[in-house]
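Encoded as structure tokens, here's the structure I'll be asking about.
By written order: A, B and C. Residues from 1 in each chain.
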Amino acid sequence: MSQSQHFEGGTQSPEPADSFGVIEVNDLVIDFPIDAALLNRRYLRAVNHVSFKLVAGQALAIVGESGSGKSTCARALTRLYKPASGSLRLDGLDINDPTQGLSRIELARQIQMIFQDPFSSLNPIHTVGHHLHRPFKLHRPELSEGEFTDKIHETLARVGLSPPELIANKYPHELSGGQRQRLAIARAISTGARFILADEPISMLDVSIRLGILNLMADMKSDGIGFLYITHDIATARYFAEETAVMYVGHMVEWGDSDSVTQNPRHPYTQLLIDAVPEVGRARTKKSVSRGKSQIPLWTADSKGCPFADRCPLVEDRCRTEMPSLTQVANNHFARCFALDDSEKIDTKQVK
Amino acid sequence: MKVFFQFLKRFYKGNPAAVFGSLIVASMILLSAGAGFIAENEPNKRVARGHQPPSAELLLGSTRAGKDVFSQVLHGGRISLLVAFSAALITTVIAVCIGVSAGYFGGRVDEFLMALTNVVLVFPQLPLLIILAAFVGQVGPLMIALIIGLSSWAWGARVIRSQTLAIRNKEFVLAAEVMGESRLRIIFVEILPNLTSIVFGGAMGTCIYALMAEAGLEFLGLGDPTIITWGTMLFWAQSNSAFIVGAWWDIVIPGLAIAMVGGGLALLNMSIDQIANPKLRTGGYLKRWRELKLAVDKKRGLA
Amino acid sequence: MSGVLLQIKNLCVDYVTDAGTARAVNDVSFNIAAGETIGLAGESGCGKSTLAFAITNLHSAPALISEGSILFEGRDVLCMPDDELRRFRWAEASMVFQSAMNALNPVITIGEQLIDVILAHNAVSYEEAYGRAESSLELVGIHPSRMQSYAHQLSGGMRQRVVIAIALILRPKLIVMDEPTTALDVVVEREIMDQLYELKAELGFAILFISHDLGLMGEITDRIGVMYAGNLVEMGTTSGLLASPQHPYTQGLLASFPTIHGPKTRLEGIPGNPLNLLEIPEGCYFQDRCNKKTDECLLRQPELIPLQKQPSHQVACVEVTGL
């Protein structure tokens, strides 16, 4: 079964038959206004020159704390936010340029999203069946009503909501948290989407239910769906995604193969993150690495240097004025930090 | 349909306010609607001597002009209730349009609509009504309904806007947008149904207000005195010094009619609150809880 | 019994609803010794928060503590009259709630909130109360100049520290912490936990630490109890329970945490859904989700029984204890 390939040694899943199925984000910058001034309005730079690639059939995890900009990256892909600069391309077509053939409906057919809160992501006044009926009606208009019902039942069974006939008539408040999240996944795949952006899909679920959902998502991966997995939990990122990126204050500070990033973190922030995670059976031998309780900095377009400078145990003077350049740490493992071996530096223009 | 009946059952169970409120309002509506059949006499026909007290023939007595109060209160009810409901309808429609648009679209649209709402909100309503009525001359019930409708939507619009804002940022709305649904459909199918209890409550509040405002205007003489409504009944009773001469039925009956409908609507309003916020409930499980708590406290020596 | 601070005996808490009475805590008994840290693990609906509220008798309608007793240093909290309860609360046992933003009053400064607590229990002057409040903030790592700040001006981690400071200010013997770090980022959570560890060492209070995160609990607790659907299904020393969990639920729970450093294998979690407390089955509550179920399990509820080889480790499972 191809699933086992994802869990041992981090080998690549087999190439999808369809040669399309790539989302490329390049140098993305997203600003939000801090105040409502008419002149000299100040902007918060939520996403700062971020680049990544999503491939259908594989998962990329973006790990970070609140305020890191990870959710914003995901929402930019659904046109919920307009980028200040940078490009977002689906199979080469610019997502934000409707003239290139990606209407709202077209985009909805390719990219869908599932959200953190399993309750508020479903409309309490609509039945389960209605939630799935809409995407089929919108995106597969050629089918008849009877075929809709079949498809709905098929999709419900596929995400593990059985028996489908009974569940289709229930309301969201009659389902448990895990079941609601399965319904959200069902809704996302009903459009035929090849990419699902999962924004903290399991953090509000009970612990014993989380793995069921992650495993379901892993099964979807084998079916050729690409995932962007946003989370604050780096352990599940390693479990589910082939590649992991770590974000801090809108910057991508370390990224690459999940195992490499989690077993051999090179950026001080990633090290801090991994050290902070409690693990059963791992005794705490030393105090936390963090230098104290400094606040997360407010980043604007004019801010300079590395965002982690205030909290970094390895900080030098140049960290406050210059952005560290790209360093290749291993095969498919990159980080931005001056403290890394200078001889490993590569051209900053090179995208992974 | 089935869902509707289930909803009704849930609404009325253990909710005395809802039962009474509905009964009162429903009976007043039915009585007024059937005025032609129920009342023997024409409301405008002189059938007895002036200011006759209630008797077997004239259930509620006669006015100064010798007209049947019972007949008048029923026929007048038709118009008073119609004005109240139509004003409430106009207000609700405007409030929903403005509130939902402001809440959903946000940005410039929101700023503009809220500025407009704030202006209308600070207008003192009763003086405005009086001035408009006096300006137009003697206004009939239709005009009154219109004036009330066009001037009392502001508060409702604000409330609906804030509720829309709360819903708009819920993830199921975002999910619908990402799904590719059209904005209009999202407003009508996803957001609006979640607003029903607030809209309904607001409509009932406006009903009460409109009923009072209409009676108020006509009592002050600004309505059309030739049309019989509860307000004009009060007007005539007042100008004929009914209370002073002891003909209490002339004033009390229309006043009671207004109070009863107002009270019934208020009860209904209260009962909707109980549905929306289960903590306000008074019946059912709370009684059982109190009994059990008493028993447990006794066992522990606290009661 | 010297050293025993809190004895919970056969506690039952019910929720009265229109659809019936749901038993949120079902005949739970355990002890907390002075200075001990006990963890209570479980997921939503297991009754751990309900138990926490019961300890200081905080429940109101529709919850009802229907049976059992809670003995704090010998006195039954549930039988205390109002004035004794007021004196007991916060001076002897206090609570740290999950969401600090909900526990702090948004319209008064945090200094005022600390002072309010002091003045409510001790007849001291305002100046003295102010001084004690300042030192309390220092104790949790907040600069005393923040006395004049409002809750919304502080970051999430700092707010939680304030809540801990408020809980500590009267030096209670027991602090009940209901998911104190769940709403925080992992780095902030780490700082809070380290701070808590220091405070515990310095002041010596007992903690009832409630969480779903077994890894977190493993770091700070001496003993751990696991709850499911209102029942205490396993109780033992932290090291013993985490190294060799006996109850199928505990085993499933431990297997639900993917590790960063361990081998990468496909984990399964626990199949099924949490139990609906209005539809409890005959026999063991865990039967629908258990992979070791036998016919015995359908007949009666298992009792919490100590293991023969390890009396400090108790399990409520027919398969394990044979009873």
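Basically, contacts are C-beta pairs under 8 Å (C-beta built on N, C-alpha and C of every residue); 3 or more make two chains touch, one makes a residue touch a chain.
Only a predicted model underlies this, so the values are computations on that prediction, with no experimental measurement involved.
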- Item | Residual chain groupings, excluding chain C and keeping positions | one piece
- Task: If we define chain centres by averaging CA atoms, which chain lands farthest from chain A? Would you check?
- Result: B
- Taking each chain's centre as its mean C-alpha position, how far apart are chain A and chain B in Å? 50
- Message: Can you compute the centre-to-centre distance for chain B and chain C, using the mean CA position of each chain? Integer Å is fine.
- Response: 50
- Chain centre separation (chain A, chain C; CA means) in Å: 33
- Name, in rising order, each residue of chain A that touches chain C in their complex. 3-4, 7-8, 65-66, 176-179, 206-212, 215, 218, 232-236, 238-239, 259, 262-263, 272-284, 287-288, 290, 293, 295-296
- Message: So in the complex, the part of chain C that touches chain A is made up of which residues?
- Response: 43-44, 141, 155-158, 185-191, 193-194, 212-216, 218-219, 242-243, 252-254, 256-261, 264-271, 273-274
- Can you list the residues on chain C that touch chain B in the complex? 14, 16-18, 61-62, 64-66, 76, 78-79, 81
- Listed in rising order, chain B residues that touch chain A in their complex are 170-172, 174-181, 190, 193-194
- Note on the structure: Interface with chain C, chain B side, in the complex: residues 14, 284-286, 288-290, 292-293, 296, 300-302
